[in-house]
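Next come the structures, one after another.
Next come two complexes, and both contain subunit A; in the first it sits with subunit B, in the second with subunit C.
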Partner chain A sequence: MNPPEAIHESYTRRIWRRFHADTMARNGFRTIIVLFIIAALAPFLANSHAIVRVAHGRVTFPVFPSLEPIEWRFLLYVPLAGLAWLLRRRLLTRPWRGAGLLLAVIVLIEIWLAYHHVVNDPSNDRDRPATFKWMPLVAYSPLETASEPFLPPSWTHPCGTDSTGRDIAARMLHGARTSLSIGFVAQSIALSVGVTLGSLAGYYRRWLDIVICRLIEIMDCFPPLLLVLVAISLTESQNHMFYIMVVIGLTTWTGVARLVRGEFLRLSNLPFTLAAQAGGAGDLRVIVRHILPNALGPILVVGTFGVASAILLESSLSFLGFGMQAPTPSWGDILNESRLYIDFAWWLAFFPGFAILITIMSYNFVGEGLRDAVDPRLRIK
Partner chain B sequence: MTTYLIRRVLLLIPTFFGITLLTFLLVREAPGNIALVKGGGGATGSRPMTAEQRETLIKFYGLDKPPLVGYAAWLQRFVFHLDLGDSWLDDRPVVTKITERLGLTASLAGSALLLSYLIAIPLGVIAAIKRGQFADRAISFTVFVLYSIPTFAAALLLIMLVAGGDYLNLLPMYGANSINASEMGPLAWTWDRIKHLILPVICLTYASLSYISRYARVSMLDALAQDFVRTARAKGLPERLVILRHALRNALIPVITVFALELPVLIGGAVIIEEIFSLPGMGQLMFQSLEAHDDMTTMGITVFVSILTLLGYLLADILYVVVDPRIRYE
Partner chain C sequence: MALLRVDNLGIRFGAAGEAAPAVDGVSFEIAAGETVALVGESGSGKSVTALALTRLLASPPARYVSGRIEFEGREMLQLPERELRALRGSGIAYIFQEPSSSLNPVFTIGYQIREAINLHRPEIKEVTGEIVRALNTVGIRDPEKRLNDYPHQLSGGMQQRVMIAMALACRPRLLVADEPTTALDVTIQKQIMDLLKELKQQSNMAILLITHNFGLVADFADRVLVMFHGRIVESGATVEVLRNPRHPYTRALIECVPKLGQKQHRLKVIDYAGIE
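Moving on, here comes the complex of A and B:
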């Protein structure tokens, strides 16, 4: 890169370049993308229906009619990701409009589709005769109880089967959707609450600051898991993915709020803010257009770490039996079941545990890389 | 400083009310109640009960009154008589129920905290001294992986590998003691208890260990970059003394204050760990009372944990000033 370009390099671009120079962060980012692709393509990777089937001279694609609304959801990410890639220059130079819009669309799709559930479909194409058929990688659906219970990992069942003969690999592939989307949406909710309250407290100070700080302190005094446990038990419809997202989001915003408040306290006394105020800008304009963009970097960092902890929280909840209810596949739920058979069925605990570890680690690496990229001095916390 | 402290302590009061009020409303508004539990249809209910009897129970526990009235009654008893009430499940005082279980949780959290400091500080210091070299990268990476392992997954895998079943059978799987513990002598009993606590303590240790050692590394790096370290080197002190006497002592200050903030994290972690290992500690009690709608016990534990946490935050703030005279609160 020649010097004139370096001088005119935008903030976002500089962050991206520094982030990309960090090997661990880059690998974490790629892993997350791969995980999202796996989640998006889960019905094509693990399904009892053939992708292509040729029989009686007709070519059919049995996998598509078998898709549930929930299955379409991650498929929507594919065009969205393509859109993001096409608009990448615009997104990088004008982070607010592009990224915000994209995020809003994703969150809306997520919330809208979170109402749907995986439905058990007993039919399958494994044993049906055909001239030619192309089965998915794992030829079982996540809810199918078609095999012998407790089969150790083998070629037909790469991760073994559970106590009712369901294929663990299929459940894991579909469970990736639960973990990834809960992490993402819950953290988006936490970010919106945290940024709103934090900026109000930091900008207006005085009694508003005192009240919001008490609120943060109150929320912080509960161990997060306990608070979520109590809040989850508030509803009968516990298997509502949407509800779990909201509860996790509404109980984990304090870290963001603390950080945003601190940034606002710091930034609202700087000359550029005073200049904006002197120029007659309203409070809302100063907050949203002047101060917030300057605090965006650190917010992004906590947000990324927050996704990791939201995923951890969701799997802990499912593990304790309070999260996603059976039969919806979730990594924490497979782990929960494994407790009963821990004596011999190592595959029940190992694979979901490993999947959670990889996901959380990737997010943490990305967060770490972002932090170093945003501000090398921001290493503590 | 004194003004700051007074202000700080006074602000704890509304926070405390907020916490207890929030908990009270949450447990009260949760679907199901103690009458349903006792009258069948709940988590522990077995005896069938008539609707009339259930009504009596609901009246008895004051569940027919608005939640705020119930909170006021609870608050009045706690503030004026320091009485946390009796458990709705077995009518024993909540304080007794908590103190019975406090020992186990305290020894669990205490030994985890101690162990994580003992391991984390040397790790962090070595990583800081060897900054950018192989040792630093290896330690940082390991610590990072540890930080990302969910506690419950680690606990399950540990149980699977070393506690019976088809694999190694070195340590007990469940409980705080063996079944025949009451017949053991004090030495054998202690050894038995230690064996039961090894796995839970490991699980609680590794997570806070990774946090503390990352913190220790940063803090040590900061200290090593200071002028007084350069002076110490310049006057010809051996490197070992520079590090141990000059850098480390200053680096430890922020690291030690973290311990106050680690307390709630450890207590939260203990909930899952006690549940997995069937340890009769506070976390398990909380879990059970939530499930059984034993609101009194839930409130009692909340009060206990929140006071502990608030004091922890306060202590951290005070420690900052005590160990570092440069910090002044106005």
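Moving on, here comes the complex of A and C:
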């Protein structure tokens, strides 16, 4: 039974508490947070440039000039999101001012990035003499062909090197960004499409439902991988990360749409929907403010499972050679390369495969934990 | 002038010529401040008539085949959606049978009353004070604390009080109570009906009470409309209808009510063959 002080907790609070009671879900969630932090800090964890370098009496930070705009974004937006979350109460007391403030910061960052010049310095700080230098954990850049090919894991190369002598650990750390952000963004796109179409079909029914359901069935006739391959091969802007996200998102929304439609069919028959309409609420208000919040639990659950399958789909794409452009690291891409040398270079397949496994498992644990947490029939401490 | 005038209303479900009419040539009037009971068995068209007043029936499958519904001189069946929405809640408000599922389970009751007030009375600045007042009038103790309760934390009687508070917060001219006490046990029934009676005396609000409980009707309504198979078969002052019902269906319906102190082995069942 619930402890007495739990009687007055909110819906989200209750779900969070039940979710937190599940050890696997809790650890999965923590792992995902750690993975995101690793992805955000990748240039500081694996780089051929020193983080701090003291030479000739001058202190320099060689890492920063070489950062790409996308890396700056990760570096600036992740803390910004965290800060906004911590200050959410203060920002929400004056929503317009809060939103304006955030928007201003984002615009400032983007303007600065637009004029920012990336220094492409092929040299490294590993052998350069200095009074003091603080090198990243892995002292190699992901694109750098710095060593012998096919070196097995050692202290200098914790995950070995690949066929051109690039450090696998560095490529994995940077590749985390690709895999994680593709999973996240692709699933966000799939969720927005699926929730919109599903709620329209479930609420308005009739011809709209028929049209949307047939669309779902047509999409479901094709294996998603095939759809993604066709969509990617049809365009010029191949291999662009954003494009892959969009394509994966636009081909995997059917499951979400079917679930949301079912929820709306069920919920719009309940008296509270009629009560909301009788109180003068318009269709949009009934859909967004009254029915959708009731369907949020199941949506969240399929959303998490979807992230896992999007990551897997991106890996499959890279493995087939349709993923990210050649030098850009991604876990699937490293795995793809390992195929040719699997008989002697086991580390090429093991590390990226293991990373994918851990990520997928974490997302699945979180999804299962959420599913149990939102189900009121299951009694959890 | 009548507050609400329904004239020859006809409603069908499904394709043309296929289905029997759910409501067939129903006409009645409700004056401001009057309490009218609409009585009939399940499926007789009571709720359909009530929902039709603000065009709440999804159309299709429902079709308004004939008639007029005039509320404060405005033709509801012709009114554009926008104006109709403005009247729902503030002109004609509803309370439904099952309070437990008529409240949205994921929001606090304070939030739900706030939404109703914001929607229909945007001029009110002190909304929280207004919510507390609304909960006070329906006899909920400690309203400041109850504000943050979720519907499942309240009993059925309390939930129905909240529904009433929400309906009344918009100051409707007509309250449609669609079997407001059917899902509640008898003692709570009495409390809720007493509350409605008391609230009615305070404001000049008309009530359309939909029920199949003649006990409520005798105690509560000024006039009675008896509905059977989509038609109004009898209407008149409550005392008159209850004392000498003229239509055989009304008579049968009244005879179904078990009386205290009367020994009966078998409850009377309506004999439809004798009515038609």
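Simple rule for what comes next: the second predicted complex is superposed on the first by the 329 of 381 C-alpha atoms of A that agree within 3 Å, B and C clash if a C-alpha of one lies under 4 Å from a C-alpha of the other, contacts with A are read in each partner's own complex, and residues count from 1 in each chain.
As a working rule, a residue touches a chain if its C-beta (ideal position, glycine included) is under 8 Å from a C-beta of that chain, and two chains touch if they have at least 3 such contacts.
Worth saying up front: this structure is predicted, and the values here are computed from it rather than measured.
S.K.: In the superposed model on subunit A, is it clash or fit for subunit B and subunit C?
M.R.: They fit side by side.
S.K.: So, A:280: does it touch subunit B (first), subunit C (second), both, or neither?
M.R.: second
S.K.: Is A:294 contacted by the first partner subunit B, the second partner subunit C, both or neither?
M.R.: In the superposed model, A:294 contacts subunit C only, not subunit B.
S.K.: Compare subunit B and subunit C by how many residues of subunit A each one touches, and report the one with more.
M.R.: The partner with more contacted residues on subunit A is B.
S.K.: Can A:131 be said to touch subunit B (first), subunit C (second), both, or neither?
M.R.: neither
S.K.: Where does A:206 make contact in the superposed view: on subunit B (first), on subunit C (second), on both, or on neither?
M.R.: second
S.K.: Identify the partner contact of A:154: answer first if only subunit B is touched, second if only subunit C is, both if each is, neither if none is.
M.R.: neither
S.K.: So in the superposed three-chain picture, is A:23 touching just subunit B, just subunit C, both, or none of them (first/second/both/neither)?
M.R.: Touch partners of A:23: none, neither subunit B nor subunit C.
S.K.: May I ask you to decide whether A:271 touches subunit B, subunit C, both, or neither, giving the answer as first, second, both or neither?
M.R.: Touch status of A:271: second partner only.
S.K.: Working from the superposed arrangement, determine the closest approach of subunit B to subunit C, counting only CA atoms, in whole Å.
M.R.: Minimum C-alpha separation, subunit B to subunit C, in the superposed model is 16 Å.
S.K.: Counting contacts the way the document defines them, which residues of subunit A are shared by the two interfaces, the one with subunit B and the one with subunit C?
M.R.: none
S.K.: What part of subunit A is in contact with subunit B in the complex they form?
M.R.: Residues 24, 210, 214-215, 217-218, 220-226, 229-231, 233-236, 308, 312, 315-316, 319-320, 335, 338-339, 342-344, 346, 349-350, 352-353, 356-357, 360-361, 364-365, 368, 379-380 of subunit A touch subunit B in their complex.
S.K.: Under the touch definition given earlier, write down the residues of subunit B that touch subunit A in their complex.
M.R.: Subunit B reaches subunit A through residues 11, 14-15, 18-19, 22-23, 26-27, 29-31, 141, 144-145, 147-154, 156-157, 159-160, 164-167, 215, 218-219, 254, 264-265, 267-269, 271-272, 275-276, 286-287, 290, 298, 302, 305-306, 309-310, 313.
S.K.: Where on subunit A is subunit C touching in the complex?
M.R.: Spelled out, the residues of subunit A in touch with subunit C are 7-8, 10-11, 206, 270-272, 274-282, 289-290, 293-294, 296.
S.K.: Would you pull the subunit C residues touching subunit A in the complex into a rising list?
M.R.: Against subunit A, subunit C makes touches at 51, 54, 56, 60, 81, 85-90, 93-94, 96-98, 101-108, 115-116, 119-120, 148-150, 153, 163, 166, 170.
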